[in-house]
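Chains: A, B, C and D, in written order; residue numbering restarts at 1 for each.
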Amino acid sequence: MNFSNEELLEMYSDIVKSRVLGEKIVEYIFSGKIAGAIHPCLGQEAVSAGILTAFKKSDIITYGTETHRAQTVMAHRVGWKPFIAELLGRTGGCNDGISGEYHIHDLKNGQLPAAGALGGTWAEIAGFAWALKNDGKKRQIGFAPYGDGAISQGATYEAMNIAALFKLPILFFIENNGIAMSTPVENQSPLENLADRAAAFNMKGVTVDGDDPVAVAEAVLNGMELAANNEPNVVEVKTMRWEGHYVGDPQKYRDLSYKEDLDSICPVVRFEKRLIELGILDDEIIKAVRESQTKEIVDGFDEGLSQTIATKEQVLDYNRVYSNNAGGEL
Amino acid sequence: MNFSNEELLEMYSDIVKSRVLGEKIVEYIFSGKIAGAIHPCLGQEAVSAGILTAFKKSDIITYGTETHRAQTVMAHRVGWKPFIAELLGRTGGCNDGISGEYHIHDLKNGQLPAAGALGGTWAEIAGFAWALKNDGKKRQIGFAPYGDGAISQGATYEAMNIAALFKLPILFFIENNGIAMSTPVENQSPLENLADRAAAFNMKGVTVDGDDPVAVAEAVLNGMELAANNEPNVVEVKTMRWEGHYVGDPQKYRDLSYKEDLDSICPVVRFEKRLIELGILDDEIIKAVRESQTKEIVDGFDEGLSQTIATKEQVLDYNRVYSNNAGGEL
Amino acid sequence: MSEMSVMKALNLAMFEEMVADEKVICIGEDLGKQGGCWGTFTGLQEKFGENRVLEFPILEAGYTLFSVGAALGGYRPIVEFMFADFVTLGFEGIVDIAAKIRFNSGGVDSCPVTFVLPQGGGGKSGAHHSQSVEAWFANVPGLKIVAPTTPADIRAYYRAAIRDDDPTLFIYQRATMGLTGEVPDVLDEVPSLAKAGKIVKTGADLTVVAYHRALLNAMAAAAQVEEETGKTIEIIDPRVLIPFDKEIVFDSVKKTGRLMVAHEAPERGGFGAQILSWVVENCMKELKAAPVRVAGVNSIIPFGDLEKYLYPSVEDMKAGILKALK
Amino acid sequence: MSEMSVMKALNLAMFEEMVADEKVICIGEDLGKQGGCWGTFTGLQEKFGENRVLEFPILEAGYTLFSVGAALGGYRPIVEFMFADFVTLGFEGIVDIAAKIRFNSGGVDSCPVTFVLPQGGGGKSGAHHSQSVEAWFANVPGLKIVAPTTPADIRAYYRAAIRDDDPTLFIYQRATMGLTGEVPDVLDEVPSLAKAGKIVKTGADLTVVAYHRALLNAMAAAAQVEEETGKTIEIIDPRVLIPFDKEIVFDSVKKTGRLMVAHEAPERGGFGAQILSWVVENCMKELKAAPVRVAGVNSIIPFGDLEKYLYPSVEDMKAGILKALK
């Protein structure tokens, strides 16, 4: 384990932040303050914490999208306040609260456009990664994540093929939470480890425990390093979705007995135990981290909610649709 | 080698037939009697001969499309005269000379609709194979061939995924002639053997010498047997395209030095030598086979050319487009 | 008769057709235990089994093509795209393959697939989950496009679409999933897709042709205008866009001398232009004023409540009616 | 000025833009040693290298999406679909992704990709190699559609499309690849895509709006009718369909009082309906007779010479003109 105590504590802070964000999203949706069907990350916090740790530790710059459950990573990229405001549909959002969390997009901060339709972003990021390479930008890569369901789309294979042929600096990341909406991963792909697909493109692929933020961080760091050397590769992390597909999903399609003892499968609890064993964490720090993270997020929501909502004129702004006067009328 | 002398002789007859058909297509295109850009099979005759042998020897019934260079297999399915007439755009064609060779379609004879756009037919055949299985039709399978270029399309992976998940009776067949239009296979896929893609779907895949009709026939027979046991699988055959992508293609993109000694790479010559060594073939039979095959094909062309061309009324027949009166006007 | 929601009507139609014809199968994502993303498949897999309600991985292109193969194999697939927007991925299968099967087979083999497209706004889910797609397919011969609105019509025309031997897009408006209405307990006869237009309300001064949410909004606006002006407005729900019931519209316009066409899809390049053209080509002499279109803004759909600025409201319909009446 | 074919004009336009802007790149199949399936890329890879002319495997969906990523990375990709029909595979990338980039970025990031679509009949290659696709995209806000015909216009408007910062479909008619015409040696100014309509020929009795092969056929037919009737016909080539130059058409119709619209795509749901609608909505008073559309048959395209029955011929144009003049 190549992480200092400080790094481990920050990792802890990030896993808690993901947990709190997930809980708050659920809360704010139930209280009607967030529109649309948002996909909560509960149960998968170690994935985001691992990714964030890797991003912070490495000197490699990433440009990418995130899976729709990695809101913590989106927020890290575009800034917490602009992220939360976008989620709330407020003008302080990174796109004025008009595009929404589904379409988060902030190129200057490395956030490539998120898509509501699944399947296309891997190939899109491949194009961006090609541009990075062609511009001679060293140690800059494309980061292309998807869930276990999204990678069934044909274009994801096409993207891997392109990446392998053009030797693009890109890391394909599979967040395998075992389920896609209501469909278990066994009904999506006939593979034990989804990273094995990499072999079909002569690429390396690894599968690690996605509930261990350290394992995730290490795998992502390795993958980023390979990518930075123009060796596209695949990292799969295995985790578990606790909540429904969307907030409020009754999950009738699924055996919910795991809910009886969430602590036993909780990546936050597990990481806490490990850090306590290592002597890095104690109850006091646990409490303090939880409080500070909660405060930051609640403040963000409060600030977001205090902002205006875009006007009709802003929404129907011609310049938002076309770059010049040759577009035809809206 | 599990083939009787009679079978080997018939295989020989088929390889010659493919050669003659290829030559005649080139000839009739240059003399303006065939419209459209037809893709000649010259150099790849062993593939068609091997497939035909397998089809004839097995009791398994196949439903499939063919690659656009396997005209011999199409003709075998729909009948030689209807095939040639369709190629010539004559009313005796299997679709009245209206759909054309690009869209050959004759379900009762196992010929699933050929598509001009590459990429979709594997998944389409998977649906047909599902129907066969669901109907409890034993020893009936889908036969899904594509070239080394066409399999770059995303839907081909989707088809393999579907086949593996639903355990469909289907054989995916890759006719790898090393080139797609002007693009060498190395620029299509980063794999030495394209059959290795099968592993990404937990399927078996084999690669054999496509210039040896016996090897092709054996591989296809094995693959058909697996498929009939609901084990979808991939067979790749490696061959070489002699002519251009289409008849008349100057092939400026390619080193043409192989043309200096075609006999040394000719699958027909090679098979002849082998059969002569085995004592099955002699100059007399060679001559007789060539003559009878040429006659059959030339007669077919003559008969085709003696037929009428579809009228405007036939082409614009409402019933050709819609199944009932609820279609709107043509 | 019983009161029923659009959602229940969709479910009922599939249930009835699956009972009537064992070759009817369902294809799509999450159709099993979840009963489909919208609940419209509830109970079907339980009742008819996994071989009739096929739950697929997320590969719209693949299962669109698969459905054509299954159709050639004698089945009658219903293929759901979770959101109509995702039909972009099935475009090749529908446009290049399904639409051309019958023609290329020489009129021998039909392709009886029903592609189900829940479309339009109301869900507040932004640019990729709110589009209206009918015009993307309207220039593709070989396809039929069915677009009913009320629960009773949804039940009847969904069944008609499934029964029809040609590839058919069955498009309904997702926002009206909860709309309720009277639905006959038994459908005496599954209607033909031809001549499907229906005069929802008679009137003398203006003909309005509209479907889906635009129909509902136009009806509300018409009531207001009638109240305020004393004019009467005839409203026609085409229910099927291809084949379009031209005669019912021509007859109405010949009577009223005026036309308004409304839909939720963007105005430019929308199907309303086709309806307007047919009317002008055939009723020019009878037209007393320029026909009017009321449709969606030619822009991208934003997330959340803001989507309302994109779709034609009751007020927009009212303005359109008043303009058409001038 | 020099005499040049459409094919050469396409090549020249790309050459000029690649010289003018090193961020212009080409993406597609067989673009390298073969110079593209149609020879239009001849010499470009040799001159500009493999990093500017990227030869891709056969994966249209993938490279459509790739081009959007490259555009976000600062490049200006030209993406060729070998046949316009294959754009079915790029539909998601164009409609769901490219068209919405700018909007979802809050108007910050443009998506300057040019999708090149050689379309229509003439090649005799049947149902998957002969379609006209403009109407499939006309209801998708965020896209522009450019459709010039003559070599000089192709050169100028191809350059304009490449330069335009928004995603643009550049559609040309494959059958006219060999059409020749005078092309200026230097293009003084790359035109804007706005107000692109051009009066090809003035006249007083009828306005004809047509593009591509339909334009050529309409011109031939118009000459015959003028000869035979003594009437004069004004012919407008819109050159760009979105944004459409409405004013030039309205002005003409206000003068002539009559309209015919022609294209090769099927009539039902074609872009002609949109043009007709705009005219009727704006020039109703001036119209002396019902406008007329002349377009392709609403059917599937057969193989070989038989395709001629699908596309509007000079005779069809003549009949349309005479009808519009009635």
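Basically, a residue touches a chain if its C-beta (ideal position, glycine included) is under 8 Å from a C-beta of that chain, and two chains touch if they have at least 3 such contacts.
Computed from a predicted structure; not experimentally measured.
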Problem set entry | Chain pair with the higher count of C-beta pairs in contact (B-D, B-C) | B-C
For this session: Find the chain most remote from subunit D, comparing centres computed as mean CA coordinates.
Result: A
For this session: Can you check how far apart subunit C and subunit D are, centre to centre, with Cα atoms defining each centre and the answer in Å?
Result: 30
Problem set entry | Rounded Å distance between subunit B and subunit C, as computed from the means of their C-alpha atoms | 41
Seminar exercise, completed: dist(centroid_CA(subunit B), centroid_CA(subunit D)) in Å evaluates to 36
For this session: Mind checking the centre-to-centre distance between subunit A and subunit B? Centres are C-alpha means, answer in whole Å.
Result: 46
Seminar exercise, completed: Touching two or more other chains in subunit C are residues 57, 59, 61-62, 85, 88-89, 92, 96, 100, 103-104, 127-128, 141-142, 242, 268, 297-300, 302
Problem set entry | Multi-chain contact sites of subunit B, meaning residues that touch two or more partners | 98-99, 103, 115-117, 119, 152-155, 158, 161, 165, 187-189, 320-321, 328-330
Exercise. Where on subunit A is subunit B touching in the complex?
Worked result: 152-158, 161, 164-165, 187-191, 196-197, 199-202
Problem set entry | subunit D partner contacts - residues on subunit A that touch it in the complex | 94-96, 98-99, 103, 105-107, 112-113, 115-117, 119-121, 123-132, 134-135, 142, 154-155, 158-159, 161-162, 165-166, 317, 319-328, 330
Seminar exercise, completed: The answer for subunit B against subunit D in the complex is residues 35-37, 89, 97-103, 115-119, 149-150, 152-154, 180-183, 187-189, 252-254, 309-310, 312, 315-316, 320-321, 328-330
Exercise. In the complex formed with subunit D, which residues of subunit C make contact?
Worked result: 61, 85, 88-89, 91-92, 95-96, 99-100, 103-104, 127-128, 135-142, 242, 265-266, 268-274, 276-277, 280-282, 284, 287, 289-293, 297-300, 302
Problem set entry | For the subunit C and subunit A complex, residues of the former touching the latter | 29-30, 32-34, 37, 55, 57-62, 85-86, 88-89, 123-129, 268, 297-300, 302-306, 309-310
